[in-house]
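For reference, chains read A, B, C, D, E and F in written order, and residue numbers begin at 1 within each chain.
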Amino acid sequence: MEPERPAGDDGTSILMEEMTFERYLERIRGGAVVILPCGAIEQHGPHLPMKADAFIATAIAERTARAHDALVAPSFNYGCKSQALSGGGQVFGGTTSLDSDTFTRVLRDVLRELMRHGATRMLVLNGHGENQFPTYEGVDLALRDAGRDDVKILVAGWWQFVSEERIREIYPGEFPGWDLEHAATTETSLMLALDPASVRHAHVLDERMDHVPPYAVFPQPPDLVPRSGVMSRATPASRELGEALLDTVRRGLDDLFRREFP
Amino acid sequence: MEPERPAGDDGTSILMEEMTFERYLERIRGGAVVILPCGAIEQHGPHLPMKADAFIATAIAERTARAHDALVAPSFNYGCKSQALSGGGQVFGGTTSLDSDTFTRVLRDVLRELMRHGATRMLVLNGHGENQFPTYEGVDLALRDAGRDDVKILVAGWWQFVSEERIREIYPGEFPGWDLEHAATTETSLMLALDPASVRHAHVLDERMDHVPPYAVFPQPPDLVPRSGVMSRATPASRELGEALLDTVRRGLDDLFRREFP
Amino acid sequence: MEPERPAGDDGTSILMEEMTFERYLERIRGGAVVILPCGAIEQHGPHLPMKADAFIATAIAERTARAHDALVAPSFNYGCKSQALSGGGQVFGGTTSLDSDTFTRVLRDVLRELMRHGATRMLVLNGHGENQFPTYEGVDLALRDAGRDDVKILVAGWWQFVSEERIREIYPGEFPGWDLEHAATTETSLMLALDPASVRHAHVLDERMDHVPPYAVFPQPPDLVPRSGVMSRATPASRELGEALLDTVRRGLDDLFRREFP
Amino acid sequence: MEPERPAGDDGTSILMEEMTFERYLERIRGGAVVILPCGAIEQHGPHLPMKADAFIATAIAERTARAHDALVAPSFNYGCKSQALSGGGQVFGGTTSLDSDTFTRVLRDVLRELMRHGATRMLVLNGHGENQFPTYEGVDLALRDAGRDDVKILVAGWWQFVSEERIREIYPGEFPGWDLEHAATTETSLMLALDPASVRHAHVLDERMDHVPPYAVFPQPPDLVPRSGVMSRATPASRELGEALLDTVRRGLDDLFRREFP
Amino acid sequence: MEPERPAGDDGTSILMEEMTFERYLERIRGGAVVILPCGAIEQHGPHLPMKADAFIATAIAERTARAHDALVAPSFNYGCKSQALSGGGQVFGGTTSLDSDTFTRVLRDVLRELMRHGATRMLVLNGHGENQFPTYEGVDLALRDAGRDDVKILVAGWWQFVSEERIREIYPGEFPGWDLEHAATTETSLMLALDPASVRHAHVLDERMDHVPPYAVFPQPPDLVPRSGVMSRATPASRELGEALLDTVRRGLDDLFRREFP
Amino acid sequence: MEPERPAGDDGTSILMEEMTFERYLERIRGGAVVILPCGAIEQHGPHLPMKADAFIATAIAERTARAHDALVAPSFNYGCKSQALSGGGQVFGGTTSLDSDTFTRVLRDVLRELMRHGATRMLVLNGHGENQFPTYEGVDLALRDAGRDDVKILVAGWWQFVSEERIREIYPGEFPGWDLEHAATTETSLMLALDPASVRHAHVLDERMDHVPPYAVFPQPPDLVPRSGVMSRATPASRELGEALLDTVRRGLDDLFRREFP
């Protein structure tokens, strides 16, 4: 015998895509916040799957939605172009990126639709640093095109909830900065906490860039970034650090919901 | 103890996003076909989740990849605008659509990246009728912009593998045509076969449109399409019909692989 | 001596371009429907001129305008890209197509202008299958950009008025479907009825495609479509069939005007 | 009995749209020049039809093609936005204009297709002043996008062949300049020579603008341009002046063909 | 000791960029006209700097602002593509041009922002002929996108204030027309009056084009325009002529302000 | 008597716009680096002029060009949209911003032209944080569209040359981070060093934001940022700090030239 209420429509569901449209609209009319996870498909070293950015954003979005009775919209699987010094750059095979304007248009269109449905409270949750600025532009265009100012749209990258003080407290050693943390200790730790089966343990490695120039070079020099795609140390990663990061992020999001979506 | 080879990199994996970039490139260099599932998030009546189009395309893509040692790229979760007489139209809340040009650009960008990686054999698998024409345009622009003619990119909607003869054989009653089959007998059957827990059984219903005009009307008249979002009969749906449809599609795809990607 | 009222301004005129702007505005203020014929310039086999799609759409538009006191706007001479299995594809010389987004923008701009003039009732009449989806998008963008919902814009391809039952009644033999009917029996019949001098009789021929794949292949394989550009049988064409088709379409359009533009 | 060679394929035909694609390609392979007439649909006073710009460009294109064994491609029926001081501006109903970028894209696309067909000699013939600059841009983009420099594309407005000296010789009275000549003596004369039945004689009138500012004002002041849409004197128009203008233009085009397309 | 009121905020300042935002807003609230100078960076023969068009537009803008208590916004340093017969064309190194649509978008965006600030009176002052039409489009899009008709935006090229009669009075010899006056007598005279140190005296030269075709040729023939980049006579240039031109332009702008911005 | 060599063409000149095109091309052929300063016109508190970002970028570009025999192209006066937490956001009057895609297109077009001139070594020097990501995209598009990989284009914001260690050494007090440093101590110090007359001394003030959310809010809450437009302390500013910053940046740029443009 099959269920009267499907997975998506029962009381505990958070995924917009699993719901019937009627159930979704009920939730929207009830003021539910819609969370849009934005990721990327990008090289993440020899030990992490290419989904890392999208997966982490989606996992945090789902945890947040469960905690705050929010909804999660289908994730943006493809992100903006990887830059050499934050994700290794577009010289890597596997990294699959959109033009900045393409990404911005997708976000504009989806937000416009959510507003048409009646949504007034939205949170764009980023897992890929290079999405950040194009995300701001997409939100601005959505609001301008729709002529709306009666809604609230928030944008955050998960790392923004981890203050510099906090990362110094929990990071094992000296923190190299978020940009060089690509496929390194923090992302590996998060994947160990969230999806340990996806981490290829024996391939976790440490890299050190001889020279991190304070500028960008195009076309990207072939030897600028280690061929492994890792840009700093990854071996200090641990499930515990992952959990500590998730906990910090959770507290930041709790605060966000309390202040912005009471 | 955790695995040496992660889920994405072991021999049986098919999901690009689960792989490390090195494993993915190995597969591409080995000539693996990349399948891109394109769906939509769209109202599917009171009994189906909004993911139906994306879910069906992805499920078929994964089965095909397993059968033919191909890869599945992350799916396109958002599709082109719903039209009144094929998906109920943009009057429905929940339906979340991209402008046609936005969709085309996303596909162009992703295909351009796959070609940069070295992929030469690609299949765009559609689950949402309104994506079809913009998909052709995206493929054309990707090839033109990249100046490539040494690759092969195929485009198919799953329903194209179900010939008119075949559907008459397996359909219980008179087939109303693919357009009016939205959230009706075939899609409900496929969901019963692929994800029965997502179907809200007690809400499966039959609709009959009094008048199906042989033209489109903009803005969409509010009473043109039944408010349920279903456009013809859904109660004849069954898991068996779903399996028969999947089997027919599978044979079509087997044939496609034999002819085009030997 | 020359006429006081020019061709375009006398009581029987239907062509917007032949009218003075004042006469046109008078007609618009009187509620006249504006019909926009959209065609293509495209190979149509060795026996039909490249104008066929534009010519048929325009001829039907003019007949309809005369019957219903409507206006005909200047036709769109260039259409969207030909697809292999509906018009032979972009491998043919002569076929002269716009990017999908270009076509959509032209339609958006022209409809926006008609609405500025005061037009509230419009009909886009298509003669080229590949224009259909981009036409829907153009209408949607025109309405959205202009912020208008007090107008009615209809979209139809002439073939949509010929039901499957009707085509079986009048078609001599087995109907191969509208897509393969390119430069074949129906279009040749229509040209025989509408402009017999343009048909190169001795070159009417029959083709049969060995394999019609249920998917599209890019770049288009050079031998997929017969080099003649004809995709099925054309020799059954006759002026009588052309007249029967025109009569069926006329009845469909009469019905459209009765229901939608009373 | 019907013709073996249709109108479009016989030896004297010049219209691309009337030809079969094979005949057209034969002509292109033989080096035929393709002429693209670009017009507009625009108010032309109380006495001229809105087609004037498109009609004049097309008529001259056809005469030129006959004289020089060239082809005429389907005309661009819609032109760029009318400016107050050259065509009366966008305040007039009836004037139906494209965004500048839309027009440029159409031209880019069509030229790209002609080059794909093998055309290497093209002439864009303008009948609407406001098309001029967007035409240059369209040609530039077509050449850049196609990466071609082995072709020759010429652009001309018909009035450019009428030197200031020549217009002073043939113009009855003082010439007010091409911009203010909208719907005035020269255009009315051309229509009298080319299509006298389209001219509403009793409504030909003279206007004089009190103030022609040496700058443009947006939004256009409602009283800047006479409400008739005529911007200077039209009553001096005559068939003879029209013939003299056509003869002057013909000689300019003869010269163009001799120098550029020998 | 440093000033209490900075350069930009004292009573005599005219440059928007030198002001604090508060002082600027005060001026805008007081109804100040904002002048936007649009130039180009383009070859100007062997004797003039590439800034000529931007410099002249800016200098005139500043003089006008001083006379009429207006503001000058930062200039547009890059202009639209040079055409062969007005600026020598894109075959010259040094000439640095934007696509027409890029220029139009910049102007649209900047005007939209000025309107957001509260500006209702604006003057776009052009120094580069090829900017003229794209400027009209930019103004039109800004007004349309912002849905504003309560503002007044004027567009003028400085040469439009020099009537044909006036140029014949002051020009030493026969005036070759504004298009061929590139880097010739008038521009050289203006630079002698405005910035004599930038003129390379010994290199001022006279050119005469053997053939000035009444049409444009793409790609531009390499020998169409003199290699010096000068297109007619420059040696008649003098500071006195420059002053006479500036005086004529000044009177035209005085008239503009009196009529349009009282 | 006037100069034989104008300002722009003598040996010490660095401004592209002051040169004749021939002198510029000589310099390019000699391998000169072209520096493109990108700024913004944006509120900078009650004490700084709106030009600050553009002025600082240009001043540093000119100093660098003099030190390394490079050229400075005309600056980009308008930048990308201000964000609340880096420049106060788009709620401020005076701030005059381009859409992200507009900025990217301008940069793409200008770089494409420089490459056409023969330039192979370019440096984009940013003075406005929000330009950074759109600059990367513009460079990427320029290289892709031009199909070039034989050039080197660098991108840097001046603040990237001031390491965290260095800023802690020279900053008087605790450094609040570059984002909140808008119109605050560092920018005020730079303006004191570069253009002291533009600083309104009596209005330099300190602000402290009660809450700096780790996320962005759209539409921007009216009370998020102090109404002064200053976002942290400005009173510690001094000419000496400005000089120390300039010296640090100079050393970074010296290093850049040594490594990248030897």
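We take it that a residue touches a chain if its C-beta (ideal position, glycine included) is under 8 Å from a C-beta of that chain, and two chains touch if they have at least 3 such contacts.
Everything quoted here is computed from the prediction, not taken from an experiment.
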Show which chains lie in contact with chain C and also with chain D.
-> none
In steps of 5 degrees, what rotation angle do you get fitting chain A onto chain E on the CA atoms?
-> 120
Going through A-F, E-F or D-E one by one, find the pair whose contacts repeat those of C-D for over half of the pairs by residue number.
-> E-F
How big is the gap, in whole Å, between where the Cα atoms of chain A centre and where those of chain C centre?
-> 47
Roughly how far is chain B from chain C, going centre to centre by Cα mean, in whole Å?
-> 30
Once you find the CA centre of chain A and the CA centre of chain B, what distance in Å lies between them?
-> 25
Per-residue multi-chain contacts in chain D, two or more chains | 99, 101
Quick one: do these chains touch in a line, a ring, a star, all-to-all (complete), or other?
-> ring
Take chain C as the starting point, go toward chain D, and spell out the full loop of chains.
-> C, D, E, F, A, B
Can you list the chain E residues touching chain D in their complex?
-> 81, 83, 90, 99-101, 104, 130, 132-134, 136-137, 139-141, 143, 149, 152-156, 160-161, 163, 213-219, 252, 256, 259-260
For chain D, which residues are in contact with chain C within the complex?
-> 2-9, 16-22, 24-25, 28, 41-51, 54-55, 73-78, 92-99, 101-102, 105-106, 109-110, 113-114, 116-118, 196-203, 229
